[in-house]
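Listed after this line are the structures, all set down as structure tokens.
Two complexes follow with chain A in common, the first pairing it with chain B and the second with chain C.
So, the complex of A and B:
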């Protein structure tokens, strides 16, 4: 083999590696550096060591925000997965154009812009002019204050987040169901498996990987979601929907405290990284 | 065709009736059905069909509700948007809101995003096809490490909130915020891991023998890649282009902090800006939102099958 041949793969990879290094990895390194300083308006004033981390991890506001984030993400994930499994089982018996059309339809919220989806939901939920309250009044009920009541605001946030992710989970699970060999299902039926037994002992075990991948990707996507809470409620009313990403955003771009917001970003990144590692382990591949 | 499938599905309650087969019977799909008279079965099928249509309509409405309501709002005359009670349709179809947003900053954002996505697709595909080719055809040191980097980059780019502050502080320390190239670089990097992954999947179906034959004929490495392999992997490149487009077109948060001149705003920021200081301008916002979603839906309708197979690659392996 010529020497140029040996270098060729590195040459091919170099541009991609540089871009990923420059936009994804170097900024994280820089954030670690920022997080060790007191930093306001991008001016590094004092080296403070791990103080920023201690500050954010002992601050009850941020801990509560983390708690809220996990709660909202988990509820949204569980609802999405249960409905996605039900949908997928339903769609599974169709094939061809019908199944394809339904998949396209449920994926629309996932592929369209989060800003657009969220703001248009906000318009529907709008308290004085929204179509929801109009319908509620037509039925004869008192108009709802969905976005200004802390309890329902959380519900609406969970609803919009779930609405966005459900199609992704359904498409993953459906692909898993379709990949189960017909002979396996038939064998189970011949052996006397009923509807629930078929689901419990044949289908669910066979769609373990798509379920796991959906869980990881969607948890990650929910925990890291800033666009939806920011455009829907902005964290309010009060702190009802103040998830951790809202805290990071406000700390950085409203209070210009880039030391502490970097520290908080790093904490969020560690959670993200743990989930990413889970994803790498779950995905089926060969190198 | 449709009615055919529904007829087949009508057999499902029998198949899934949950009864264990009676010993001695030939247990088959229809073992449960034998006890149901033809009349009842017909009724049952009819109800099942009605139930399925209702369920389907419900899914349709919930999935599309915001877009449909946004579309209807955007076509109303200006004074009717804020009138109460809201009418399902305006008294007349009006293009006022569209005229307004296409005269204003939204149109700049629209054009900017076309340009940003275009750059991201061209450069992103070039980088991705090179990297994917290296990963699928060569053995070299550090391959596994790079592979893990790509794979872990996929979920990272899906959720970008952890990257907002790092990207902002790093880019502004280098003076790279608020430039024409700022957002294309971001979009390329965020979507590169997925693009590489998708094209790698596509290269699996391009036989290695073709490369080898070309090599024997004396073609150089670069010629093999761009003259032979790239034309054969166009479907997976189209799929990768779709991912880059969706990522670039839909990104909001990082874009909103990395550029601050109105002339550089991407489309999502220009939509968001209709949530003004003096209240939300719902009419123009709905028009802008509808106009922004249409290109996504067109591309998605054409390339949807590829998107789905790219999405599920890794979850199922034949």
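So, the complex of A and C:
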């Protein structure tokens, strides 16, 4: 092989590699650098080593925020995946314009601006002037305390996060279902498999890859989501919905403590990376 | 053989096409990467300082000079006036998000990318001065100013952050805090808005808490306690009234004393005991509170003068009924509210400090100040503008501006610029969240947030 032929693939990769370097790797490296310094207002006043990491990992507020983040993200993810599988199985029966229309409808939350979608829900849930309580009052019930009650606020946040991601998971799973050869399903039916057995032993194993991809992407999306919790509840009431991304945001952009904020964001990065590796290890990645 | 040649030719074509594609992508990406973050009104000028023979003055603000009305429009007019008076200089205005603009400025001073003129958030001027990133005007255009010029501009706003011989900022978008109220409801319930005490105000708010003819529950006094976007509240009003500040003489949080405890308890009572504020206030942002006031949910809200034009333009009730009043007296002290705003400063590391100073001088010249009042709905910067705009200010539509000017003179307190106080507004509402939602005692809630404030700001 000529030398120029050997170089050619690298040449093709160069633009995207450069973009990744400048957009992802360089900021990550800079963030690591910030995290090792006392850095307020982007002034690197003192090298503190791992002090910022110790500070955030021994702060009970941040640890609780991590716990809250995982709880909200996990519940939202599980509900979204279950519903996405059900939707996908349902839509898989249809073809033509009906199937397209349903897919488009379910995908809208994923492609809609997160701020716009969240604010719409916030208006619906507004306690005194919202649509939900208007309807509740119309049927003669007492208005609900939706966003001012810590328990329901968590529920509402999970609901909106689930609403946002369900379309993406559904499309992925539907693509997996469509790729299952008819002959395999027919063979299972001929062998006497019922609907449940067909799902349990044929379809689910064969959509493992799209399920895994959805799980990884949506886990990362949920855990790193700042827009929805900040726009919907701002972390409140109290600390009920104060997820870790809100803490990172406030440390950096409200209190200008970029050193601590960077350390917290790196801890978050490491946790999400470990989760992703864990997923891939747990479910053997196959196409 | 022929087939082999065709394949070779095809391979070459593929290589060539891929190379051209890669080259195009690189060029496009390089082009995209050089863009600015904001909305440039003149983005095709090339370099920051030199574009041919012309110098370029970079301004960071949250205003948009392409607005057809309001403050952005006035900024556009100031730019036109400045450029007409400074032939060799063009002004490039970049509009940034207001809530992260000051942080970006602080970061940019470290990388040499800071603008020549910057709108600094009022809360952060103290830090800007301490960091040495803003230039005293006395080194620039004010070195030639007469006493009359100083006196014309001099008030609590101009003195914010000033030392004996240094003024660092021009105060724009002045927001004087007090109680924004609906005079039509006051008239309907025969309530005199000249409250002598908070007790009077609370009694009035109880009367004004009712279900209106449309079946809407109206509350007497609105406020937003969400940490996402907090603003004025009773606790802050009490701190300014009693202490004139939110920190003590050592820069430590002052809200965990008797005044703060009584005020926080009163905030809780306003919801639970008096019922004049809804429980939903704990999850409402200040923006939502204003929106709810516009929708008719509140008879009074803790608010700022700068919001009144928007409220008037959007409300479904009589806009002339929207009025502003100072906080009532408390413990024998006249009610004091914050006079906040944006501080227009010159970056101390700018290579065009003189020109930047002259641009700020243009922003406060009589011609532009008149526009700030009449087009921007702002309180005049210059005392002389009051006479120049007397007809405009005497109009019933603009009564709130006169009230705000009176409040600025008699009931306003500016931030302390000696100590770092960033994040204190969030701390105050967090205390409410801890006490009301998390069930902590008033003392514990205030102590927790005061400690966090002190540790964070290191005063």
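The rule is short, and it goes like this: the second predicted complex is superposed on the first by the 256 of 287 C-alpha atoms of A that agree within 3 Å, B and C clash if a C-alpha of one lies under 4 Å from a C-alpha of the other, contacts with A are read in each partner's own complex, and residues count from 1 in each chain.
Following the convention adopted for this analysis, a residue touches a chain if its C-beta (ideal position, glycine included) is under 8 Å from a C-beta of that chain, and two chains touch if they have at least 3 such contacts.
Keep in mind it's a predicted model, so treat the numbers as computed, not measured.
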Should the superposition on chain A be reported as showing a clash between chain B and chain C, or a fit?
clash
Which partner does A:98 reach: the first (chain B), the second (chain C), both, or neither?
first
Have a look at where A:17 lands relative to chain B and chain C in the superposition and call it first, second, both or neither.
first
Does the superposition put A:209 against chain B (first), chain C (second), both, or neither?
first
Of chain B and chain C, which one contacts the greater number of residues in chain A?
B
Please indicate which partner A:127 is in contact with in the superposed arrangement: first for chain B, second for chain C, both, or neither.
second
Scan A:171 for contacts with chain B and chain C and give back first, second, both or neither.
first
Tell me the contact category for A:163 with respect to chain B and chain C: first, second, both or neither.
first
Touched partner set for A:153, first chain B, second chain C, both or neither
second
In the overlay, answer first, second, both or neither for which of chain B and chain C A:255 touches.
second
With the two structures laid over each other on chain A, which partner does A:217 touch: chain B (first), chain C (second), both, or neither?
first
For chain B, sort through 7-15, 187-195, 259-267 or 295-303 and name the stretch that clashes with chain C after the overlay.
259-267
Contacts of chain A common to chain B and chain C in the A-superposed view 8, 12, 15, 19, 22, 42, 126, 128-129, 230, 252-253, 258
Chain A contact footprint on chain C (complex, rising order):
15, 18-19, 22, 25-26, 29, 33, 99-100, 103, 106-107, 109-111, 127, 131, 216-217, 225-229, 278-283, 285, 288, 292, 295, 297, 422-423, 426, 433-434, 436-438, 456
Listed in rising order, the residues of chain A that touch chain C in the complex are 8, 11-12, 14-15, 18-19, 22, 41-43, 126-129, 145, 147-148, 150, 153, 230, 233-240, 250, 252-258
In the complex, chain B residues that touch chain A:
1-2, 5, 8-9, 12, 15-21, 27-29, 52, 55-56, 59-60, 62-67, 69-70, 73, 81-82, 84-86, 126-128, 130-131, 133-135, 137-138, 140, 143-144, 146-149, 151-156, 158-173, 185-186, 188-190, 192-193, 196, 221, 225, 246, 249-250, 252-253, 257, 268, 271-272, 275, 280, 282, 285-286, 289, 292-293, 296-297, 300-301, 304-305, 307-308, 311-312, 314-318
Could you pull out which chain A residues touch chain B in their complex?
4-6, 8-10, 12-13, 15-17, 19-20, 22-24, 26-28, 30-31, 34, 42, 87, 90, 93-98, 100, 102-109, 111-117, 119-124, 126, 128-131, 134, 137, 163, 167-168, 171-172, 175-176, 178-179, 189-190, 192, 194-196, 198, 209-210, 213-214, 216-217, 220-221, 223-227, 230-231, 245, 248-249, 252-253, 258, 261-262, 264-265, 268-269, 271-273, 275-277, 279-280, 283-285, 287
